[in-house]
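There are two complexes below, and they share chain A, which is joined by chain B in the first and by chain C in the second.
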Partner chain A sequence: MPMQPAPTDRRALQTENLNVYYRDNHALKDANLIFARNEITALIGASGCGKSTFLRCLNLMNRQIPHCRIEGRILFEGTDINTADEDVYKVRRHIGMVFQRPNPFYKSIYDNIAFAPRQHGIRDKAELDELVESSLRQAALWKEVSGKLDTTALALSGGQQQRLCIARALALKPEVLLLDEPCSALDPRSTRYIESLLTELKDAYTMVIVTHNLQQAWRIADRTAFFLLGEVVEYNATTALFTEPVDTRTSDYLSGRFG
Partner chain B sequence: MTAPSTPPTPDAEGDEVVSAAEGVVTTALTARARRSNTIATVILCVIASIICVILIGLIGYILYNGVGHLSWSFLTSIPQSFKAGGGIGPEIFNSLYLLVLTLLISVPIGLGASIYLCEYAPDNRMTAGIRTAIEVLSSLPSIVVGLFGMLLFVIQLGWGFSVISGALTLTVFNLPILVRVIEQALASVPSTQREAGLALGLTHWETMLHVTIPAALPGIVTSVILSAGRVFGEAAALIYTAGQSAPALDWSNWNLLSLSCPLNVMRPAETLAVHIWKISSEGIVPDGHAVANGTAALLIIVILAFNLLMRSLGAHLSKRLTAGGTTGREG
Partner chain C sequence: MPKALRRKPLGKRQLELVGKITTAACGAVVILLVFTIIFLVVSRGLRTFTVDGQSLWAFLSGTSWLPEGGGIGALPMIVGSFAVTLLSTLFTAPLAIGAGIFIVEISPRFGRRVLQPVIELLVGIPSVVYGLIGLLVIVPFMRDTFGGTGYGILSASLVLMVMILPTVASLSTDAISSVPDGYRLGAKSLGATRWQMIHRVVLRSALPGILTALVLGMARAFGEALAVQMIVGNSAVMPTSLLTPASTLTSILTMGMGNTVTGSLQNDVLWSLALVLLAMSLVFILIVHLIGSRNKTEAAQ
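Right after this comes the complex of A and B.
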């Protein structure tokens, strides 16, 4: 596989020979990827080629699926988290996730953010207030909602809801943020807004984003991995992958010949 | 350095082509579509009106015949066995008492069972069997449930015709439906909600308790209140379990073993629905007809009130959860 690894000293997350099976469907084959700290990595490829499957391995969400088998190593800050005795709840606090459709809780804006930290033991009201405000500011949502924190989150627009979901993930102060097509349900303006938001967040977080939108990968990602039928075909710096793809399957996909 | 090639976007142009082609055949098609639309609308309106007329007629008939008999003394005095002028005071209390007891027993069990079935039960033969059993039980005729209750609680356990026999029988009657509807309410919460909770490092239990159940709450409340209406109006399951006699209640008597103590669960407790059945089938009071009519009217009014309560509570809950609270706007 043509691939340009990230510098060793900046590895936040790495997979080694990662294989995923849903019963006998071999959905992910020998994925070896390295994600560098404070970079955005985009995962592109046609529907059903295993991008979400791969992403959901990284925070062990796939463990929720009874018939799903995950083999291989997932190194987070150098240690393998794909072990039987790993604390999945701790992993998920450090590796946040944002989903395809905005999925705010049926709660107030405030509680959407404060709920998880409260469950994880932060009880101090002032500390929670502060956390809610800083998370909303980071997600560029504070100005729009600061006056109505105790109204329900479901009244927000789709783009605002998705930023709320980002804020909710950030409130746990994770190191890594996984985003599974976070803009696919949003209009172009909200999409641009979230893209510039992600670019700003890069200074503090490592991000892996699945996207259907090639322009989006081009605009925001430092590195891009191309998936095809459960395989990582090519992984490189975004500019290199888009302008000088090594594998013909990559260039075929980029020029819209299939997928 | 060039930007990546744009993936083809057929949608924008494709739409116009289709609408242009449509234009040619539009007139003939729309004329036909309009006509069948009109016919369908008329038929549906007729069916809907027939149903409305039947329902309003029925409720109107019951209220028309019964409301006149409702008076303070009728609602508070004790029933008579041989002479006119009896009331339904104890029956009202018995109905409410049985309802409360039944809900106290069946709601926690129903919640637990449906949470287990919806969230934890593995997808195997046994749970499929349990689901089938629940389906079957929920369509069991209530007289069968009543006879089962009589055999088990009244005879086998020796509790006689009593509040507790009635409440447990009503629980058997109520539980299967309650489990089914609560499970449906839980299952209708999008799985993305559970994913959101789990992805924040919450356990399955925390997610269920604080995310899934609150989201399903309007549905759960609605189903509990609807089942309450069913329980309140139930007669057949109670005739041979809670019994057909209503001892006079003495509100100053708090000896739980005494027959006249309202809260004594071992005393027989005829309810409103059973009273209607008894008065009109084997009653010998001269004003039996009027008493039955009055009782029926009261029953209808209470059940209507239940339904209105259900609607406003459900609407209130889902409004609070989805449309935004009334506070907070001003910040």
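Right after this comes the complex of A and C.
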């Protein structure tokens, strides 16, 4: 597999021979990927190629699925988290996730953000206030909602809801943010807004984003991995992968000949 | 199909019209029925005050119920009805919500295949059977445990608890399972444990539905007559304890209706009790609608 690995000193997250099986279905085959700190990595490929499955391995979200078997190593800050006695709650505190459909809880804007810190034991009101404000500021939502923190989050627009979900994940101060097609349910304007937000967040977080939108990968990702039928076909700096793909399957996909 | 009909099929427009008229007529009959019933109960129930000249206050706040002797105080029954309703709902709520959580969140396979059908079996059991079981099991148990006769509000509430369980449980299950899966994924991705997720996210979102389930259960408990009448003791005095014989609006109604002469004060007062029952069911339905519409505006804002 043509690979351009990230420098060793900047590895935030790495997988080694990661395989996923749903019963007999071999959904992910020997994925070896390295994600560099403070970079955005895009995972592209047709539906059902294993990229979402891969993403959900990284914060151990696949564990709850019955008959799902995950083999291989997932190294977070150098230690394997794909072990039976790993504390999944702790892992998810450090590796946040944003989903395809905005899923704010049936709570106020404030309580949506404060939910996770509270679950992890932060009770101090001033500290929570501070966290809520800083998370909303980071997600570029503070100005729009600062006056109505007590109103229901479901009243926000789709784009605002998705930024709220990003803020909610940031409230745990994670190192890594996993984004599963975060813009596919949004209109183009909200999409651009979120994209520029993600580019700004790069300074503080490592991000892995699954996207069907090739332009989006081109616009925001430093590196891009192309998945096909459960396999990582090619992984390289985004510019290189898009302009000089090594594998013909990659160039076929990028030029729209299949997938 | 007869040939005559086949030869002259109705035009689409006429067909539309026939459909519209038929369904509208059915709707009209339903509305007519409801309003006839309401009119009947209201007009009869008000006779106590308009024709017999009794005061509404004496009816609602009086504690002496002896229609033959002229006492028309309905407060003991009103209190009795509310007591059995609230108690039985209180007993049912944890069971029903717990069952709902188990069915949806903990073990859907066993829950949907075994627990849910078992709970639904309870719907099919006739009230009189519940009453008999209450007489045979609960009343002696209360008598042996707490002394006294065994009849009373507590015994009636326990029987009602089982009777309204299926309603509350299946509506709560629906409410919990209609919480979007995205909420569960979101909570888990934030490092919440399953219990934190259920407690803070799922139940919070299902709350309006669960409240609706409880209110509908209350409506059912409030209106249940036969089983309650068999166990509550039917003593029309102000209940001073949960363990002494008491009475409810429904139990006094079923006991007395056949023994009074239409048009007499004794009969009119019974209709007034029915009016109170009717008014309370309307209140329950109103509450359900309020919960529903509040929920809708919050979601649609």
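Following the convention adopted for this analysis, the second predicted complex is superposed on the first by the 259 of 259 C-alpha atoms of A that agree within 3 Å, B and C clash if a C-alpha of one lies under 4 Å from a C-alpha of the other, contacts with A are read in each partner's own complex, and residues count from 1 in each chain.
In this text, a residue touches a chain if its C-beta (ideal position, glycine included) is under 8 Å from a C-beta of that chain, and two chains touch if they have at least 3 such contacts.
Since this is a predicted model, take the numbers as computed values, not measurements.
When both complexes are superposed on chain A, chain B and chain C end up clashing with one another.
Residue contacts after overlaying the shared chain place A:S108 against chain B, while chain C stays out of touching range.
After superposition on the shared chain, chain A has more residues touched by B, the comparison being chain B against chain C. Of the two partner chains, chain B is the only one touched by A:S146; chain C is not. Once chain A of one complex is fitted onto chain A of the other, the partner contacts of A:L214 are limited to chain B, with no touch recorded for chain C.
Of the two partner chains placed around the shared chain by superposition, neither chain B nor chain C is touched by A:S47. In the superposed model, A:G256 lies in contact with chain B only, and not with chain C. Contact with neither chain B nor chain C is seen for A:T83 once the two complexes are overlaid on the shared chain. Touch criterion met: A:F242 reaches chain B, while chain C stays clear of it.
Residue overlap on chain A between its contacts with chain B in one complex and with chain C in the other: 59, 61, 64, 89-93, 96-97, 99, 101, 103-107, 115-116, 119-120, 151-152, 154-155, 165, 168-169, 172. Residues 59, 61, 64, 88-93, 96-97, 99, 101, 103-107, 115-116, 119-120, 151-152, 154-155, 165, 168-169, 172 of chain A are the ones that touch chain C when the two sit in their complex.
In the complex of the two chains, the chain B residues touching chain A come out as 1-8, 122, 190, 192-193, 195-203, 206, 210-211, 214-215, 320-325, 327-331. Interface residues of chain A facing chain B in the complex, by the touch rule stated above, are 59, 61, 64, 66, 89-93, 96-97, 99, 101, 103-108, 115-116, 119-120, 146-152, 154-155, 165, 168-169, 172, 214-215, 217-218, 239, 242-243, 254-256. Note for the complex: chain C touches chain A at residues 180, 182-183, 185-193, 196, 200-201, 204-205, 298-299, 301.
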